[in-house]
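Going by the order they are written in, the chains are A, B and C; count residues from 1 in each one.
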Amino acid sequence: MDINTKKVKKNAFRISKERGLTASRVRVPGGKCNAKVLGIIKEIAETYGNGNVHLTTRQGFEIEGISLNDMDKVNEMLQPVIEELGINQTNPNTGYPASGTRNVSACIGNRVCPFGNYNTAEFAKRIENAIFPNDLHFKIALTGCANDCIKARMHDFGIIGMTMPQYDPSRCVTCGACVKGCDKLSVKALSKVNDKVVRNEEKCVGCGVCVTKCPTRAFTRSQQKYYRLTIMGRTGKRNPRLGEDFLVWVDEDTIIKVILNTYKFVEKYIDRSAPGGKEHVGYIIDRVGFTEFKKWALDGVELLPETIVNENVYWSGIHYR
Amino acid sequence: MEETQMSNEYIPFLSEIKDVIKHTDIEYTFRMAYVGDVKPGQFFEVSIPKFGEAPISVSGIGEDYVDLTIRRVGKVTNEIFENQVGQTLFMRGPYGNGFDVDLYKGKELIIIAGGTGVSPVKGVIDYFGEHREETAGMTVIAGFKSPKDILFKDSIKRWETQMDLIVTVDKAEEKGYREGMVTAYIPDLNISDLDHVAAIVVGPPIMMKFTVAELMKRGIKEEQIWISQERKMCCGLGKCGHCKMDDTYICLDGPVFNYTKGKKLFD
Amino acid sequence: MGNLFKKEEAVLLLNKLSDVYDIYAPMVFKGEGCFSDTDSIRYGKITSFDDIVWDKKSDYSFKEVLLPISDTILYFTEKEMKVPDPSEKKRIIFLRSCDLHALKRLDEIYLTNGAEDFYYKRARENTKLILMGCKKSFDSCFCVSMGTNQADNYDAYIKMDKESVYLEPKDEELKTLLEGTESEEASFEIDYVTDNIEKVTIPETLPEGIQDFPLWEEYAGRCVGCGRCNFVCPTCTCFTMQDVFYQDNQKAGERRRVWSSCQVDGFTDMAGNISFRKDQGARMRFKVLHKVYDYKKRFGYHMCVGCGRCEDVCPEYISYLACIHKLGEIKDGGNADE
């Protein structure tokens, strides 16, 4: 059997521990798919696989036990899935063109969740369309609110939905539900002054609890959707760590620009001699420095006046090396 | 503005403080200039602009004044206590039905009050104290927490000479005071003609409940008993809804109720 | 007989009305719902007939137009107090039949229960009411059961479709205003609902001691006391008085009245830490019995108008209708839980 393992991996198949067998990795951007995709996955698993499907942490399916000889047939069967999910493809019926940048994953967001501050899957697809196909190793996740159920902070880019609470004192009945909600469920940024509510703008994390608690629409969400962009969280052997805030109260367009700029930064600074030519973006920044990264990341970016840019970012985490 | 004021019930009038009588550290009677019809048990909304209003029942009535006995327990009453004789407070009212003394004339009158509950009924005690000939008998039982909580000490001295008066405290730390709940004195009350008894009971809800029960054990009928209910009131005008009990607005229909009606009111 | 306006003529009509009136109707407040990317439908000043929402029930009722949520009643300076000026324009409110019935309840409390309310009266006197017909019943409406599906206390009737606006004035002032406008004579029947999916039979009498029946207990654990049911209700009228001094000028301040809810903590709090109805079960009982029992004892007709807004808004899915059904199952001396 003569197989180019690099090509196999790039085509989103795995080199498995069992000789001759692979697994097909199907990405679901934003974790949202039409149920008919499941039917196709089932068919592939039963026709070419061993009948098992693994649900990945990044919101994909890994169809197990496929013979390396069947990859082309599997790719053909995957075509409607790739089309349904709107994956950028180079040549039809050849499967995925790249697998370096991982699936952009997301919590369920405001399609269902009452706390979600935006449609996470829609934004995930927008990012997907902007960055794929790409061989560089990036991990991006989106979460609807500051609860961060998707654990966006463990990603290179974590996108946390925010809303800028809009307060109309003329609709406020001083019931205290927002103040209590913010205290019990969030960061205690609200207080009662003169029988109305005052928001500590520095403390507020834009979670939107005040809005969901308000019984009279005195608190509403801003029309502009805002995000907190955290950067360079990671797992791994050397220095697992949580991502730190880079931009706060930032808008969607800016995030996409910053991510695309970061790809350029990586192209420039990646250590081509690293094993497999792969160097993870977080380690590149560790090497090159945050200031240089920031220069690249914000190149040509026009920020909203309310966006806070952290001038310096320091990560912690555990250092094993 | 003048015209508006005529029909706007929410605009208070200014009243001069004619005297301040200090009963305890936190309970003063403010004697407020007032000329007009008013009954004991009615109340005024007393206010300090920018601090708020507080409903205060009338504890005494004179030709050109009303007494308002105020307990210092919050933002508004704290501020009221900052004022001295000669200064002014804002008031609106009187509100509520109050006690109709005509109902008690010729009766063997029993008045039982607890703590600040003495205030709304004090005008009735004063009136019949001065007009004993209009009653067939008069007993007052006033209960307080402790000797230092006793209100209207000057009036009490006068009442002692005018009627059968029992002042009792829940707990006496010093000698010279009767101890015990007001209910403890009911079994021994001298009643000469049950059919001609009229009883008034005012105090905290739990005190009124047990006192009425004791009185009924003595054979006094519900229709011979009157109570006064205290509830939160913001407007005094039947609008704000805070004082409603069942179908009754305390500020309009009360606070004084014959027990036949009062017993049916539930929160 | 009324006037039928083509859409372009209706624009002129609205301009004409707007010269004299602030015009309030249920409209969409985009993105202002409780959850993200949801809208709020409530009363606002319209600038086009197309702003009026017909296909949905408004989340909040018209009452905030006549009884502002937070209403300053006196301004204080160091020595003086001043009553806020009345609004410069008169008002038109577009509302449905159930809400017109609710208006009667507001009038009852603010104009006849005790003294007339100065602020309500001056707003009310300068308000014209225009009835919006209902072609169909919405979810949770039970106006037919409450007898509020038709109303007659309106100043004009409005009906709209894609091409035209039909206005049938009853009030003389509006009739005069419509004279000489570019329109056709027409006549339409008033749309009203004759049947709802939800139906209630409110018991004529309730047994004594109903307040202590176990049926209220479950609400103690379910209700979160947010007060939404009161705030959306077109017949709830409670308020709390607030005095404040301004942060930037402590010598000046104001007294205002602010909507209040019998479900929210603090409603019965008196000085000295005394309060009543401490648990939510008792508060639910207080509210429900007010709507369908004790209000009627006092005024002769039910307070509830069957709009169902409280049913729609409860975040804990506590059904007012289900509670009324439970009351209906109580036989005198019996008990809903038996």
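Details
FYI, a contact is a pair of C-beta atoms (placed from the backbone, for glycine too) under 8 Å apart; a residue touches a chain by one contact, two chains touch by 3 or more.
Here's who's who by UniProt: A = Sulfite reductase subunit C; C = Anaerobic sulfite reductase subunit AsrA.
On a predicted model such as this, the values are computed, not experimentally measured, just so you know.
Taking each chain's centre as the mean of its CA atoms, A is the chain most distant from subunit B. Overall, the chain located most centrally, as judged by its C-alpha mean against the mean of all protein C-alpha atoms, is C. Ranked by the number of C-beta pairs in contact, the top chain pair here is B-C.
Distance between chain centres (mean CA atoms), subunit A to subunit C: 44 Å.
Centroids of subunit A and subunit B (each the mean of its C-alpha atoms) stand 68 Å apart. Note on chain placement: the centre of subunit B and the centre of subunit C lie 38 Å apart, centres being C-alpha means. Residue positions of subunit C touching 2 or more other chains, listed in rising order: 240, 242, 244-245, 260. Shown for subunit A are the residues that touch two or more other chains, of which there are none. Interface residues of subunit C facing subunit B in the complex, by the touch rule stated above, are 73-74, 76, 81-83, 109-110, 113-119, 211, 237-245, 252-255, 257, 260, 262, 267-272, 274, 276-277, 282, 286, 289-290, 294-295, 297-298. For subunit C in complex with subunit A, the touching residues are 29-32, 34-37, 40, 42, 60, 68-70, 226-228, 231, 240, 242, 244-247, 258-261, 264-265. Taken together, the subunit B residues at the contact with subunit C in this complex read 1, 4-5, 7-11, 47-54, 71, 73-74, 76-77, 204, 230-232, 234-235, 237-242, 244, 246-249, 251-252, 266-267.
Across the complex, subunit A meets subunit C through its residues 110, 114, 116-119, 161, 163, 169-177, 193-195, 208, 211-218, 220-221, 223, 225.
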